[in-house]
Structures are given as C-alpha cells and as structure tokens.
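Naming follows writing order (A, B, C and D), and every chain is counted from residue 1.
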Amino acid sequence: MCAIVGIYGNENAARLASLALFSMQHRGQEATGISSSCNGKIFTKKDRGLVSEVFTEDALRYLKGNMAIGHNRYSTAGGDSILDAQPVFAKYKLGEISIVHNGNLINKKEVREDLIDKGAIFQTGMDTENLIHLIAKNTQDKLRDRIKEALERTIGAYCFIVQSRNKQFVIRDRYGIRPLSLGKLKSGGFIVSSETCAFDLVDAEFVRDVKPGEMLIFTENCEEPESIQLFEAEHRPCAFEYVYFARPDSVIDGKNVYLTRENMGRTLAKKDSDSSIKYDMVVPVPDSGVPAALGYASQSGIPFEYGIIRNHYVGRTFIEPTQEMRNMKVRMKLSPMRSLIKGKSLLVIDDSIVRGTTSKRIVKMLKDAGAKEVHFRVASPEIKFPCYYGIDTPHKEELISNNMTKDEVCEYIEADSLEYLSIEDLTSSIGSDRDYALESFNGDYFVTK
Amino acid sequence: MCAIVGIYGNENAARLASLALFSMQHRGQEATGISSSCNGKIFTKKDRGLVSEVFTEDALRYLKGNMAIGHNRYSTAGGDSILDAQPVFAKYKLGEISIVHNGNLINKKEVREDLIDKGAIFQTGMDTENLIHLIAKNTQDKLRDRIKEALERTIGAYCFIVQSRNKQFVIRDRYGIRPLSLGKLKSGGFIVSSETCAFDLVDAEFVRDVKPGEMLIFTENCEEPESIQLFEAEHRPCAFEYVYFARPDSVIDGKNVYLTRENMGRTLAKKDSDSSIKYDMVVPVPDSGVPAALGYASQSGIPFEYGIIRNHYVGRTFIEPTQEMRNMKVRMKLSPMRSLIKGKSLLVIDDSIVRGTTSKRIVKMLKDAGAKEVHFRVASPEIKFPCYYGIDTPHKEELISNNMTKDEVCEYIEADSLEYLSIEDLTSSIGSDRDYALESFNGDYFVTK
Amino acid sequence: MCAIVGIYGNENAARLASLALFSMQHRGQEATGISSSCNGKIFTKKDRGLVSEVFTEDALRYLKGNMAIGHNRYSTAGGDSILDAQPVFAKYKLGEISIVHNGNLINKKEVREDLIDKGAIFQTGMDTENLIHLIAKNTQDKLRDRIKEALERTIGAYCFIVQSRNKQFVIRDRYGIRPLSLGKLKSGGFIVSSETCAFDLVDAEFVRDVKPGEMLIFTENCEEPESIQLFEAEHRPCAFEYVYFARPDSVIDGKNVYLTRENMGRTLAKKDSDSSIKYDMVVPVPDSGVPAALGYASQSGIPFEYGIIRNHYVGRTFIEPTQEMRNMKVRMKLSPMRSLIKGKSLLVIDDSIVRGTTSKRIVKMLKDAGAKEVHFRVASPEIKFPCYYGIDTPHKEELISNNMTKDEVCEYIEADSLEYLSIEDLTSSIGSDRDYALESFNGDYFVTK
Amino acid sequence: MCAIVGIYGNENAARLASLALFSMQHRGQEATGISSSCNGKIFTKKDRGLVSEVFTEDALRYLKGNMAIGHNRYSTAGGDSILDAQPVFAKYKLGEISIVHNGNLINKKEVREDLIDKGAIFQTGMDTENLIHLIAKNTQDKLRDRIKEALERTIGAYCFIVQSRNKQFVIRDRYGIRPLSLGKLKSGGFIVSSETCAFDLVDAEFVRDVKPGEMLIFTENCEEPESIQLFEAEHRPCAFEYVYFARPDSVIDGKNVYLTRENMGRTLAKKDSDSSIKYDMVVPVPDSGVPAALGYASQSGIPFEYGIIRNHYVGRTFIEPTQEMRNMKVRMKLSPMRSLIKGKSLLVIDDSIVRGTTSKRIVKMLKDAGAKEVHFRVASPEIKFPCYYGIDTPHKEELISNNMTKDEVCEYIEADSLEYLSIEDLTSSIGSDRDYALESFNGDYFVTK
C-alpha cells in the first residue's frame, strides 16, 4: 500500500518523479522520498509529509541527474518514522545503490533471522533492507546477477526498483500481485510506476505492464529496457486494487479501474433485481463508492444521487471533539444531503466493510437526517482474512466479517438490508480471463515462492 | 465570498464556531479567525491558514466564554494579509466590540473618505472597519441604536455579526443577497451561519433564514433572539451561491443548492433535446459541475460518467513546472479518464465560464486523451459583468463573455459546441417565486440603499 | 524597552533597517517589523520572532523603497500579540503613515478616553495608536504641523519616527529620556536609531544625538535633516540605559555605556576600600555585570575571574523541569566555575536587584559549588519604585527593596554582605554634568508635560 | 567534535540526557538524538536542530525507560543529514543496540572496505556504523566480548557508549584523546558525559574520568559500574580541548579548562615581558579568548578590557549581504568598542588562527574603529597539520600556518605584531605531568592501534 516510480534518461528526472508521486499520493501520505543518480553519486531526499510539502525547488535542485526513483509511504508505527521512509540507500561491494519497494515479503522474518545469524545488522523495520542485504551478501560480479540470486530467496508480493550509479533494475514478482507499468516520456526516456494515472501528468505514453516475474534493465542511452524473465509468470493481480485502492483512471493489467468498479455495481444491481423493495435513489459513499453506484444506477434504472457530501479539507490533525461531540470524526468528512434523502428509501453503496464502525456511523447519520430506509450494498465480498500481500488490513479479530454473519453485520450497522458481491461476482466484474489474489476474501494464501 | 458564524449561549462556543468554519472552508481558505467574549473581555485569535491549522487546542482554550464569532477569508492582496483577517476588534465609547462581515459595501469609498475627512484613521483595507467607525462616531446610548444608525449610511450586500461583551447583533442587508441562517444547538444556545451545511457538524437544528433587513439580538439567557426589522425587505438572493459558491448540502432561502443545480442541468438537457447530435456520455467538470451533470443525464437519458478525475491533494504551493511543462496546472488538479472517453462524443458540463482559460485546457486535455467530440455546456448564463456584491470576479475586460460572442468563445475553447443557460433558465431552475441578484449576467446593479 | 530605527535616502533601506534592528535585538526579542515607502505606497512586514527569522530575503524584497522604519518589541501580553507589533500603519486625511515608538506615554489613558469619547476606535493596546489618532484628528494642512499639535497633547518618555509616503519625522521628548542618535550612511542617506551600536553594522558615521524636544525632518534629496526645536529641552536621560539596558558599545548622549559601567564598579570598590574583609576574586554575573566587575577589580587590585559561565544557547522554550529539578531555570543559563571558586571568598557583582529571586539562586549556586563566602555588590541603587518611562519593571509590591531594608535583602539572598551604589554614586559614575531620570530609585516622577 | 552522554539507572533518564546535551550544545549544533531503553525495547528520537528544539515534552515522553544515551552532532555534509545523526540503532544477532560516538576512526576506510568485501552494507557515512558491524559479525556469546573483539579492529580516537536492552557499555580509547567522565546522580544512578560541565545541571557529583583503554559496564541495580581495562593506557589527551573546544567550567583529566587557558595567557605575557612596546589594554576575541586574555592581563599588569563585543543573537541563517556589504559576517557577530580603543595600542588575544581570514577581519575592524596598533597574540601554537582525531579542521592547504611563516601571517592579517605559544609553552600551560595529542601543531600522528 505504497507507490513507487522510476524515471530513466530524462534531465528532469527528479522533477518528473515528484510529479508522478504527486499523482499517486492516494497510495501513501505519511512520507515520501526520491533518490537521483548523477556522475556516479546517489542523492537522496526523504521526509515525513506530502509530496507537495517535501519536494521544494531546493530539494529538486539537490536531486541532480537524469535518473531517479521515488516512493510514497502509507504509514509506519513508532516515533521516528523518518528512518522508515524510502528509498533505502546503501554502499556495498559493487558501489552505491538505492531501492524502492511496494509490497510485502512473507518470508522476511526467516530471511532476516538468517541474515542476522550470519552477522548482518538491520537499521530499520522495512523489508526493503532484506533485499539490500541479500544483494550485498552474494558474490556475483554483476548487480543483475546479485539481484537475481537475492530474489531467489525472496517470497512475497513485491515490486522493486533498484538504482545503481548508472542503471535501473525493475522487478515485479512472479504473481504480478502489485501493479507496475512501463511508459515512454514524450520529453525523452522512460517511466515505470505503480499506476498509470501518473503517466498523464508527466506526459508519458503507456507502453505495457511490467510482466509478472520480469526484470527490466535500463542502461545508458538504451532505446528500450532489456527484459529478462526471471521467474515463470503465474499472474494473479490483487483484486483490492480494483475494489478501492487504485485511482479510478488507472489501467491495471489491461483493465480500467473505474470500469471494473462500474461492473461491480452493475453486478450488485442484477442480484437485487428480484427484490420487491423499491429504492428511491442510489447513494454512493464518496469517493470510492461512486463508480459502483453509477453502475448500479445504470443497471437498475434507479436514479443516482449524491446523498452524502464529502469534505475534502480534512487535514491530518484537528480539534479533539469533547465527549458530547462523539461520532464527529465521520461527520467531519461526510455530510448527509438532508433535503434529498428525507423520507426516502436509500440504496447506499460502499466499496467494502472492514471493521464495520464507519458503515454503522454512515447509516446512523443518514437515518438521523431523515432517510426512511437505508439498504447497504458492498461492492466486494465479505473480508474474512487479513491481507499479507501489501495491503494494510487490521488483525483477523477486528474484521467484522470474521466475527459475524452477514445478517449479524446488517443488524450491527443498523441497515435495513445488506448485500455483498460474492467472490465469483467480483472476479467476473473485473474480468474472468485470469485468476486474482483474493486472500482477504477466501483465505487462499497462495504465495509460496 | 467569505464565511461567517456566530455562536451564542454555549459553553463550547469557540469550539463550535471552529467546527462551523471548518464546514465552510470552501468559502475561504486564506485566513480564519474567532473572537470569543468572556467576563466583559473579548479574546481574538486569527491567522493565515486553514481552520484545522489555526484552531489548535491551545487556541481554543484561549478563546474562553459562551459566545463567539468567526470568519473564513477568501483572499487578500498584499504582503501582510494577517492584518486583513477578521474578526476586527476595537475599543470604542461603549466598550469592546468585534465584528465579522461577509459581503461588499458599495459606498465604502465615499464613507471612508468622509470618515477620514473627519479625522478617522483606517488601519486595514477591510470595509468592516467602516462599520466600526460608524458605530463609534454616533452618539446613541445603546449599541443597537448605534448599529442602526451606522447601517443607515451603509449601502451594499452584507451580513454582519457584531459581538459586544455580552451580546451578539446579527444583520442581513435588505436584499438578503448573501445567505445567513439561524439554528438552535442541541447542546444549548444558538448558531447563525452563512450556510446551513455548518449545522450538521455542530448538531444544530435549522430554525429559519435571517430575514432581509432584519437584525437579530442575542442577549444573556434569551429563549430566542429579539428580532427587529431595520429595513423593508426587497429580497434578491445571489444566484451565484446556487450556481457554484455554496456547498451542495446547504439550503439557502428555502432552496437546496444541490437540487437547484440538478434543475440547471435538466434545463440544459431540455434545451438540447432537439439536437441531432448523439452524445455518448455526460461528463461533469468535478466537483462543482457534478449535480448539473446528474440533472442533464437524468433528463436526457444519456449515461453520466466520471470522465474527469479530480486530485484532492493539490496544496497551496508546489513545484513550478519548467517551460516544457506548460498546461500542467489544470492537469495537476484534473485528469482525463482515458479508457472511458477514447473515441467518444462527450457532453461536458461545468458550472460557469469566467476567463475561458480553464475551459480551454479541459477541452484540450480531453481531446488529447482521445475524446472524439467535446460539447461544452455551462450551467449558468454568460458572465458579462463583474460582481460588486461579494463575489470575487475579475475585471470586466478579463471576462471572456464580455469580449466574445458565444460562437467566438466556443471557437476559443476549441469545443465542438457550446451552450449556456439563459437568465430565465437560471432563475426558473432555482425557483421562479422571487427575484435574484443577477448583476454578473445582466449588469443590473440594483443595490442603491 | 524597545528599539526603533529609521533609514532615509538609501536604496537598501529595508535591508539596512533590518541589520540595525539585528544589532539592537537585546532591546526586544518578541516581535519585529519594518515599513518601507516606495512610489507613494507604504509596505509593512511585521511578525513574532527574531529579526533574523522575520526578515527573509522574500520579506526584504517586498519592502521596496529608499526609506524604511523599524521596531523591535520587548514583550506583550495576550494571545494575539502580532496585532501589537509595530510599525503601526494607517490611512488618514493626508494619506498613508506608519509609526514606530519607543517609550511610554503617561497620559495615554486620558488621551485615549477623550479620543474614544469623541468617537475614535482603538484596535490595539499600543500607545502608538494614540499619536496616529491625534495626528488624524487635527486640521493642520501639513503633517509636520499635525505632529506638533499631536505632541502638545502627549506627555511621556518617547521617541517616535513617523514615515509618510516621502518623508520621515523623528521626534525625541523634551527630557530626552530614551536614547536616539543620528548617523550618516557611507553608502548614502541617513540613519536614526535608538542605539549607536547599530551604526557599525550598517557602516554609518555618528553625527550627533537627536536633541531633547527636537524634531528632525528628512525630505527627498535633503543634504541634512531639517531641525525644529518643538519644546524647550530639559535633558534627563534614563539612568537605567547605562546600568543594564543598552549594549556596552553604544554611546548615549555622549557617554559610552561600557565606561560608565566600569565607573560604577570602581565606585563600588572605593566604598569597599575600608573593609577589613579580604576577597579572593571579583566575579561578575554575566553578561551585564562584567564591565562593573572589571572596574571594581581594576580599582581594588583584586583579580577579576569568570566564576560564573553563561550558556548562550538558552532558547525561548524548553524542557519543563520536574518537581525534583527545581532551581533549574537559573542553572540552565548560569553555571558555577567550581575549580576556581572552591573555598574562596567571592565579591560578586550584578547590575541590579529587582525581585531578588535570581540573586538568591546565584548565591545558593555559588555556595553549593564550594564558595566560602559570597559578598554581593550591586552596580546601581536600590530599586524602590516602578518605572513608567519605558522600562518594563514589575509592580511596586514585587520590588524587593520596596519591601525590605538592605540588611533584610542580604539575609534573604543569603549573601555574606551586600552593598549598593547610592543615587549620587550612580550619577557621578555616569557623569555629573547633567540630571538623570532616576524615578526607579527615588520616586521622582518628573515628567509633567 | 561532538558530545555524548549516557544516563543509567534513573527514571528520568531521557530528560537528564537532554539536559546534559543542552549543557554541551557548544560541541555540536547541527543535530541531536537520544535512545532510551525500556522493557527490552529501544526508543530513538533524533533530528536536525538544537537540543531545546528537538526534545519537546512529547519527545521525552516517548523516550521511556531508566537508561538513555545521547549525542550532539557538529556538522555533516550533504542534503539528508538527518540520516547521519546519532544514536545509530540496529537489530543484530543478540538483540537491539544503539550506539553514540565521539571521535574519529583512522582505519575506518580499510575496515569498511573489508566489511563490504564480506557482504556488509553501509547506510550512512558515519564510522559508528563500522563498530556495529564489527559487533554483529563476530561470534562471541556476550555483547561485552563482541565489543572487545570489535575494538581490536578499531584504531582511532574514540569514546563510545553502547546501549543494549538492559546494559550500557562505555569505552574510551587507550590514548584517552577525547574526554569522558563518570558522575553519580544525586537523584539516583550514573552519568557518563564528554564534559563535566553537564554534571551541574543534572545534579551529579564527579566521580572520576573514564580511564584510557577502559570499558565501564552498567548493569541493572549495579552499585557501581564494572570496570575492565581493555587496553594498556598510553594517555595523551587532546590539547585542543583545552585550547578552545571544551567549555571553560569543565574539568578534563584533572585540569580545569579555564585555568589552563589563563595559564596560556600568562605564558604569552611572560614571553612578551621583554618587549619594549607599551600596550594600553589586553583585548580578548570573545568568547574563547577571554580566559587567556585575563591570564595575560594578570601576568603583565596591563588592564583587561572588553574591546570587542559579541552579539549572541546570530542565528543559523540570515540576510545575505549585498556585494557592498562585504566583511559583514564577522561584524554581525563582533563589534568594536569604539570609545575604548580609539587611539589605543591593543594587545588582542585569540585562542587560535586556522585560516587567518577571521583574524584579518578582526584586525581591520579594530583599526577602522580607531585602534592605533593591534598586536595579535595566539594562545596556541601555529596549526600546520589537520587533525584526524576528532576535531573538524580544514584541509592542510587551507591552514594558513602550513603556507606562511609567522611573519607572513602577521603581514597577511595586517597586525602590528604576532606571537604564538610554542608547543612547549602550550603543554606546560596545561600541565607538564603528561603527554598530549598535538598532531595539529607537530604532525605527530601517533595513533597506531
């Protein structure tokens, strides 16, 4: 649940990297960083804060060179989180490298323990540090071979970009769980980024997705990156990217996110088509529920209405409400459209239910504002298992659908009815042409190599 | 183009005022301030920045007392804008007062010159200072009478809240141009605010709009405010509040903003109904064009789609694009939904066209992203005149519709067709039961007293 | 207890003003501000903080023009002190003016009440606002005559600099209580500043002190300022400037501050010459006690030693000591030179004793560090009365010498002996050629016009 | 040129560490950090800035536990210096450790290369990272044995404090080049710090210096630290600590810094005693030249006077002087006491001359202010060689005494005469009872193990 970007072969490399990170701010708001490379030296700037706060003109001037990698971080625990920001820089046998990473390594503990046993030290909590150690420890002469060997010991959902003094190595795991796409910059050179939504702002043309198990190597003046298939592909992209994580205008592995969300909504509508209940309007929980709600409305013919307004000025810290002002947190972000919903029967659509507390507050807010009925529809299946492949989900015990049946959840959130997509509904909405990573829904932790 | 709020008779007055201002952040992001009153002393805190930045717990603790007034400022020129933030505080003959103001006084220059002639000094550029002087100069024994006398010399579109050590006086001009509503706080006391969207967050019930020409007086332990009709009402609320300025969930003078915007869209669709052109989808310019686009889609049966995505992380300062990165400003905020619009004929709806530059960039962005045709619809009439009644519009020469015909504008923005609402369309969309302030469209500067 | 500066006729006016204020930072650290004047417009920048923090390159670029006035503020009460920073700007009948002020107006309350009675409003707590009102209210045609008339109603210790769009008016009260000197800039134009220590940094040559009761007027391309003697001089400069307030390298009304302090120390030594006690060393309380200690040592032949070290890194806020860490505040600033003072009899010199608490802590710290005896000498007389002429002294009841005899104070601070200068000692140390303002010592509040 | 501190066995460990670091702010102002240890977990907070800025109450609350180590950093190059702040934290085979370091390892490059050869990665430029690697790589069962083995490969001038989850290990190199002292806290537990000046503020009693080659081990509830003599002592403390780096109230290896500086001044005076020149006064370059100037004055009978005033408000960034305002940098910090020195023959004393540019500016400033003659005396020998033992000196070519003879330097700085201490003068002034590290003066780089 982070964003990564690499720019290669453009004199404005760091600036373009910062713009790409800006486009992917939704993937991580806690910290951001960029490493550029110039004349055999790597320059790094990373800090807490938004992209627009960290990358001042001064910072961009410091980040010299025609290649750069960057990262947005979702969140970290602890008091000195700056140390857990990326890129991670190190000097090792073959020189200087800097790495960015999106994903989660499932064997990180074992690898880390083994490395520590052999005398390694770890200065951060990031699994990115594992990869650097594995690269530094092996004895291959070339960085590409070291990366290969290192990845043989790495199990997980990952996208890495490794930058040396004059090259960039881009790797996507064999399952292609996290998204990663290649583009060509109109002003010269290449971009690799987690989402294609970054391409528009930097004026890049989509070339193709990085293939599962592929390593791309960018070298000086290359006309196109060298491609090495490191592992046999077993493509299973993460369904959650489509459900709510990616930006709607991104295209992931050939599928536009917005259109898959509309499909999810349409599928929900088809399942409701026998229902005898008459809904007055389809209301999305903004912003992520909007496309599914449009799909539902279009399929069902029930009017789509903005029954809930979102306040986009919510900052990161603000007034602590007093005890009398409970339930305020959700209301600072969302407001009911009183005039519209009064006395109406609402079909409310959200992308997912995790703990259930927000959904409960939304239902209450709508009923307090006069809604006659609130029928809740969720554009994804019940989340029963935590994700270990790069999405930050709570512990199993906190997942409401791990503890309650659908009916119990409906009662808990005080909705008049509740429906989810089935797992099959979800995959068919995204596209039945391939398998997906669905472990949060079905517990199938398939990553074994 | 500011927000004001008054809280009276609640021990959390400043905290509630800050929450109300937070709800009205869209009316002004440059500066914000609150004055509270406690034990005969007025406390003021004002600063540049967002409500969530300025009103820390420390600031709220300082703002003691059970009454408070607050203000969000839209923008100021100059280098020391903190001095032009509100509330404006002063000591005068009858004690201490603090004032907030939303609107624009059209005779401010004459009044100011006259006051200066008589020896007054002005420390700010704000017309709010005029009112304080007029109050301080006259010789009435009671503040209410001083305010009355002061207002007799004041011509313009205004809402004032004047706070003394133990009272609040709320005044709306005789035309009721700027909105102002009265609510009752469930936790005790009253709220008066520019928009009703503030009522939800502070748990207040809408009571009624403040009447044009009315003065409300809140006094200690009052069961309800005393009402004095200062001037005969000639109600003409500002049409622009409905068109784009107010938050969609607010109700202004009895009309829900969102619903009036849907009506504007419906009216546009009706006007297009004879058109032989087949549009593939209705695309709003987010966020303000959304309700009209929904109305258009609902009326016409053409599908509504989010063809343009808005990035809400745009901060107040960021990377200066290099010369090669022109046109970036609009693209940092808006992105085209490439997969959706490619090869399609789009019916794009925005709330208004002021200078035309943004519209031009949007059309270009959509065509660059593959749109076959872009038909532009504007949910308001052509803006041919500057507003002097409180909306910050550019000089007459910069208004594109002052310089060009509709066809010329269409050519300039490179749209395939262009339509506006007529003035009659607009007023009928809002509600034909009364007159509106329409000076930006028809040049009818009706405020004369 | 503030600093003021005026620069006239130099293209780097604001920059030079900021450097002069930087040299006078010891006179006020809470807030600082500068107004420049360019093409008939006055530009102002003022803020909380140190000169080096407020006057960034951006700020200096904004402050265009070849004349500027500036101010350092010592302290203000209240939560919104930025409003009480200077310069104070106003528009009035004759145009724009900006004023800085050092001193205290003793009839400010009466004048303010009278002005308020006549309809004036006051937006700050600063007596500077009085002067602007008095200037604005009268009906003279020329600003110089308005200032004259305004000053006729102004009683107190004051130095004002009034800047209009193209002139500067400099006024020192008839008693010359607060210092003010005129210099000529080597790079062109003039400087007027509270202390001559500012002249070195801006490369100015001392011309002369502004005379008590004098008004200097700087006009475009003037070869030298016009001088008008507004009031008959009755020169009585403030003795406290010499005792501890001014910087030692300043020359005030012909007397170098450092040398007068040495004299005070010499006089203390002469008074001690009959004493049978043998002191091992003279120890100053740094920094302000140093020159007097040098004088004492030179006169008595007893060695001068740095028995107390001062830590200059003490910032404005820091760690709250826990209850066990009492007395820490003075120790964070001052440390005993243990090796030097162990077992020694110390003659400790400070510039003054106000409340007695700091002196008590210093004596305790020295004894805890092993000093055998601590004999306390004070290079000024007992402070029995508050100052109303511009120095920020506590209320009468808090002045230890108002409540205790010398012997009682000695016992309270736990010193082995205690001596002060007599009032005659003080004046003869500074120079017997004129009278001084001595109201803190003798209660002679002589300012009556 | 840094400060380190360890607190063991006190419930306010982090708070006391921050106070000790505050006392040693003169040893490093760029960055500061503290690691505490509590319940088997190490907490770290480090950042750019002064101690008083970084260690807020929030930070201290986060730093739980009854042991803590801290560090002040002098300076780093590069754009992301936060990564080069200390303590350095790592997880390794035996658990978590955190290390602070003052000094310089002269074989760091070889060790680093060797470690890298064997597969280690380095994430910072700090030699502290070497030690962690050496500790992590060896196979001893106990941390104490790992530290021992690690130090066998470490050549240089160093003081380390290593903190594990429940112990602290304190090590001073065999030469005792950098200072390190042990104290007992009156509120319980121990302190180890670079300088004894920290003891006063935290209420600690000096116990003894850490011995050259000694390791102290603090364990839970220990009555006193265990002491292990790791290496045979060959004590040669750094002469520069006495000359100018340490705070005057510190006692280093039994000698009070202030008193050694007075001796240096006295020795200078004895060498001048045959001179036929009559000096009017002894003037120190403040603050570091003051004690030597007092010694000179006391020895020679020539009066000591503050002919140069230091402005302590100089911040870290400020106004860039324009081209016309050259030489301003030294004048913002130092001002001449014009009245005192005019027409006088001055004996000016500074602690050392490095590049010569500051001395040149001081002489010019004094002559411009009217000094008749400026005789420059330096309380240390000519600096001809860079220091590699922990003091930040410039490259050999930039050292003026490497390039010029004494007479040439005198001519360059435009002094009327110039004298230094000889190396023998220096050592006899500090104390002839032992050898000193004098490599900057004599090029004797004696550290070989």
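By our rule, a contact is a pair of C-beta atoms (placed from the backbone, for glycine too) under 8 Å apart; a residue touches a chain by one contact, two chains touch by 3 or more.
Bear in mind that the values here come from a model prediction, so they are computed numbers and not experimental data.
Between the CA-based centres of subunit B and subunit D the separation comes to 60 Å, rounded to the whole angstrom. With centres defined as mean CA coordinates, subunit B is found 36 Å away from subunit A.
Distance from the subunit A centre to the subunit D centre is 48 Å, each centre being the mean of its Cα atoms. Of all residues in subunit A, none touches two or more other chains. Taken chain by chain, the contacts form a single closed ring in which each chain touches exactly two others.
Under the touch rule stated earlier, the contacting chain pairs are A-B, A-D, B-C, C-D. Contacts from subunit C toward subunit B in the complex involve residues 43-46, 59, 62, 79-80, 82-83, 88-93, 116-117, 119-123, 132-133, 136-138. Remark: subunit B residues 12, 15, 18-19, 22-23, 25-26, 29, 50-53, 55, 57, 60, 187, 197, 200-201, 203, 247-249, 251, 256, 258-259, 290-291, 294, 298, 303-306, 309, 311-315, 317-320, 322, 324-325, 328, 331-332, 335-340, 369 touch subunit A in the complex.
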